[in-house]
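Two complexes, one shared chain (chain A), two partners (chain B, chain C).
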Partner chain A sequence: MSRTIEASEEPAMRQVPEAGSISSAAAQRRKARRMSWLLLSPGVLWMTLFLVLPMLMVLYVSFWTQTTFTVEPKLTTASWVRFLTSPTYLDALWTTVRIWLLVLASTLVVGYPVALFIGLLVRNKTLQTVLLVLCVIPFWTSFLIRVLAWRPMLGTQGAINMILMKLGIISHPLEMLLFSELSVLIGMTQIYCVFMVGPITFMLSRIDPNVIEAARDLGAGFWRIFRTIILPLSMPGVVVGAIFVSVMVLGEFATAAALSGRKTNMLGNIIVSQVGSLKWAFAAVAGVILTLLMGVVIAGLLKVVNLRKEL
Partner chain B sequence: MQAGVLKPVLAVYTALFIAFLYGPFIVLGILSFQSGPEGGPQFPIIEWSTYWYRHLFGLVPPSRVAPLPIGDSLIRSLALAFMTMVVSTVLGVASAQAFRQKFRGSGPVFYLIVLGMMVPGVLVGLGTALLANLVGVDRSWWGTAFVLHVVYTYPFAFLVMLAIFNRFDRSIEEASWSLGVSPVTTFRKVTFPVIFPGVLSAMLFAFTLSYDEFARTLFTSGPRLTLPLAIYGTFAVEIHPNVFAFGVLTTLFSFALLAVYAILMMRSVRQSRQVSAEAA
Partner chain C sequence: MTVVLTLNDVSKTYGGKPAVSGIDLAIAGDSYVSVLGASGSGKTTLLRLIAGFEEPETGSIVFEGERIDGTPAHERGIGFVFQNFALFPHLDVAGNIAFGLVNRRRDPVRDKAELDRRVAEVIRLVGLTGLERRGVSQISGGQRQRVALARTLVTRPRLVLLDEPLGALDAHLRARMRDELRQIRRSLGVTFLHVTGSETEALTMGDRLIVLDDGRIGQFAAPATVYAAPASPAVARYLNAYNLIRGSRSGASFVSALGPLPLAASGDARSASSNPPPSAPSGTSSNLGPAAADGVYAIRHDRIEVRAPESVPGADEIMVPARFVASEYGGASMLSFFALDTGQIVEVEEHLSRGMPLSLVPNSRYGLAWKRDAAIVYA
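Moving on, here comes the complex of A and B:
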């Protein structure tokens, strides 16, 4: 650990220790800086051409004129007006925000105790790793298959209804389990929970056990320790997890499409269906609104924690 | 004492959580052995059979259930994932290497790269499709979809390599330089073997993310579908247990990939230890 710090705090270039003169050192530094930019330029160029430019294109096309089957580069705000006055689309915006908040809350509530157990209570490193790997393995299976796997679980003839009926808890199968907003929430919670558990576990496992020991020796109860030590120290993990979950949930459309039976429409679903009917300008408006929404959410979360420092 | 009760309670809770993670998949696995072609995607199992697996490979007589269009799309997806893996790993290693020096503008460049994994796929897919229309480029899986896959996986490779370089012992490179070895040879003979475990992880990330990616591919792949798009197409219609059988097989494939990674990883870790030891 000390070696890492030492290495990163060293001045940038020390290749030629015997070249003591200042001018040669400066030349070396210039050369190194040139090398840095040379190494970076392919990546920066790639991201500019294929990420920044497409995003700008979405913004540009959102002001194009939409005809029945094509878009024309004649600037107008018609698509914007249509979006902002249509209850269907404003409803999709509200659905996106609502589902995002609900999934954020559910992944946190479901995931925090798991992180607490793995990160803080399990002190055996091997067991800790095994448990984390167990949580990560489902991430390695196909996303679409994981979404689809909820259908035989939640359907009226699905596993959950079957078990509940066998146990005599219900007499009729619950219809609300599949093709409802609830099924979308259940599916998303399962898929994205791992991204909340991981960062929180990481932060919790860095807490020095002696601190908690000391607090306990001084007579603090569990809730007091949790409130004053564990929770504040785990906050960066919560925020990083929240960023992961937000980024993924806000741009979602597949889970909603597969598990709500097309009843729940998020902004992503609007974009997909508009492109399907060649309404490019309109899809672009939905895209810009989605970008703005994400920008606000992420900027807000980044205000709380410096992502680069946490990595 | 409260903490004494807390631990077993949370242990049970964690076990339930893991059941929640795996439950749907176990159910899916069981139902993939449903009898066919009359058996549906639900309980009870009429009769255990491997019908849907044979259905997947076209080994059963035609029935009302159309076969999944996976043959060509599987090859396309593998080729795309391989291309994406190579390019994004090279870009990721190069960029992370550049970030080892402090330079002006590193902040914006960092966020520019990380943006690639944050922007929703459907959005950047839409933008690329529009851009391709504007400049008159045909959309294809090896063109427009490929560049977007790299936009998505390159940040992962970059972050993995950044973490590796943060933990990198600079003195072995300096030793090599001071002995008069050129920077290029030093990178090849000293740096690369040590960072190779990281490179492997970056490759694994890039390959699996690209292989599974569909939001970015949806608008950009043109008429020829990749594997996830073929699966996504089945969402709209009635699903049959053949999708489940496919899910089981593709999961096994992912695990095989993971096993190969683990073996290579163990070997390269041993090797990089050797290099470090020799340098010291």
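Moving on, here comes the complex of A and C:
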């Protein structure tokens, strides 16, 4: 039989009459594509309806005209101008940034050693889990109680002042402990610390103990190993933790309201009060600025470490 | 021969269970010593004690004339190559190799030119030229192995501990690295202490071979000596080259469940008592289970000949009947499994270069014959 006949016969034999003329590989690809759309669609639908559209709407409303009790869809930059020229609001923006940076630093300072202990020194997985759960125990109480519980702790007649006075360290109660920026920082550090501890612990516990032993064997002391091996390998955890803390602190208003005696105003507090007095356009401006700020912060943090390598 | 490392009565337990007990050892400088042992025989613990990752509970470790137990690992100056390589995942090949020189507490290399020169030198030695800037996840297993070795060798330790260094490599690479490890060691004149669970690796690599048995040293001798005359049944078992038959010596024969096995005339008997002292009743018999009779008769796989069942053994030979079970073709040799009448499986290795062996029919009966003086008796 000649080759040409063979060649012409082959496609005819492959043809499946019913299922169309696609190969099984193409069918498999098509099925996989259909599956991924099926998996994605609820999330995409949800995010479009309740995240993307509202965000666009907020941006749109920020250009509406605000009268005393109503907003009209007449485009103006009045609200933007007012925000960007008012010292009160710029001050709130600065307060937000300052508190964010301070809380980020304090959660890192408090959280990293804890993570180091749980992730590196405790090598028993069960004990690690138990310790992490212990870190989360404060979350078994409601947010409001967790925040308000600081008042009897930090107040002029609170626990800390009483103990310090009993010990004779101070003669007058410290006023700065409560209803100050310090109390806001203390409260936020306590609430958000665990979000720093978790990701760092995870990264640290993934470090092969042999790698640290290898560094020791090559002659490096503890601090050298920490600086050259442990810290770089835990950076993805630090970045993820920082993103968690940043997103939550930047949008905060409740802790500031409850523990500062309304003296500390963050962008979140501005939004709450503006919405309360029906100043929708102005609240939208603050919202857009807050969102932009978060976007910049997250983009900056993601620049620090290539998270793609860790997935 | 200068002794570089000495262990005196070193013991370590884990949760009450001894991992190594009463190890006495003297390792010569400029030598390749392999350590053979089953998993759980304490071989990794032994290395970790020497490296300083663990501290011994009793005894002392002396390295180059200085007592080092109690000294932290990073001040001992002993190299360690990990089984999983344990490379620094965030550093490239050159960064991994330079780590020790840059970061060691004692005498770090600060001069960039000196550093580059020494890193380049060791990269050439282990054959990694051109891969300096690759990440360690972008290179093959064999290359990672070389990085792990280079990282240690660049610090010029006098002693390098290798914990199953070839375990993670495929068979072809393993054979090549065996050869390279020996060459590299010879060119540097350092001492390698190479732990392995593979008897072939242990026999081929070492100038001297330590067989670890249940946390103790079962035998420490040249590989050929260990192979030809294992000091105890446990050592013979680790070599995976001996059939061991339990029983007891009674006059001129060895009495086992198979019946009496006549021994060679006392003069030329290869009885273990004339070879390295069989001072082995310590922990060795535990490997053979609770022995009623704690004598053992050992006959090497390749010393047995398969014959027709009706053939008559020579005057200096022993022949026992057995049922053929199965065989494995191994290229140069054929490994056949026979069941004795006691149910015990006996392995017979026939070298195919000596001519094709008898073609064997499963479940048929054959005679297994060996010279009386080929057996080693521990009793």
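By our rule, the second predicted complex is superposed on the first by the 279 of 311 C-alpha atoms of A that agree within 3 Å, B and C clash if a C-alpha of one lies under 4 Å from a C-alpha of the other, contacts with A are read in each partner's own complex, and residues count from 1 in each chain.
Note that a contact is a pair of C-beta atoms (placed from the backbone, for glycine too) under 8 Å apart; a residue touches a chain by one contact, two chains touch by 3 or more.
Not measured: the values here are computed from a predicted model.
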item: When chain B and chain C are modelled together on chain A, clash or fit; value: fit
item: Which of chain B and chain C A:Glu213 touches, first, second, both or neither; value: second
item: First (chain B), second (chain C), both or neither touched by A:Val247; value: first
item: Touched partner set for A:Arg151, first chain B, second chain C, both or neither; value: first
item: Partner chain in contact with A:Gly221 - chain B first, chain C second, else both or neither; value: both
item: Partner chain in contact with A:Ile229 - chain B first, chain C second, else both or neither; value: second
item: Winner by number of chain A residues touched, once chain B and chain C are compared; value: B
item: Chain C versus chain B - closest C-alpha approach in the superposed model, Å; value: 7
item: Overlap of chain C and chain B interfaces on chain A (superposed complexes); value: 216, 221
item: Of all residues in chain C, those that touch chain A in their complex; value: 51-53, 72-75, 77-80, 82, 84, 86-90, 99-100, 103-106, 151-152, 155
item: Contacting residues of chain A [partner chain B, same complex]; value: 3-4, 7-8, 10, 12-17, 32-33, 35-40, 42-44, 46-58, 61, 110-111, 113-114, 116-118, 121, 131, 134-135, 138, 140-146, 148-153, 155, 157-159, 162, 190, 193-194, 216, 221-223, 247, 250-254, 257-258, 268, 271-272, 275, 280, 283-284, 287, 290-291, 294, 298, 307-308, 311
item: Chain C partner contacts - residues on chain A that touch it in the complex; value: 208, 210-211, 213-221, 224-225, 228-229, 232-233
item: Residue ranges of chain B in contact with chain A within the complex; value: 2-3, 6-7, 10-11, 13-14, 17-18, 20-25, 27-28, 31, 41-43, 91-92, 94-95, 97-99, 101-103, 107, 109-110, 112-124, 126-131, 133-134, 147-148, 150-151, 154, 158-159, 162-163, 166-171, 174, 177-178, 183, 208, 212, 214-215, 218-219, 228, 231-232, 235, 239, 243-244, 246-247, 250-251, 254-255, 258
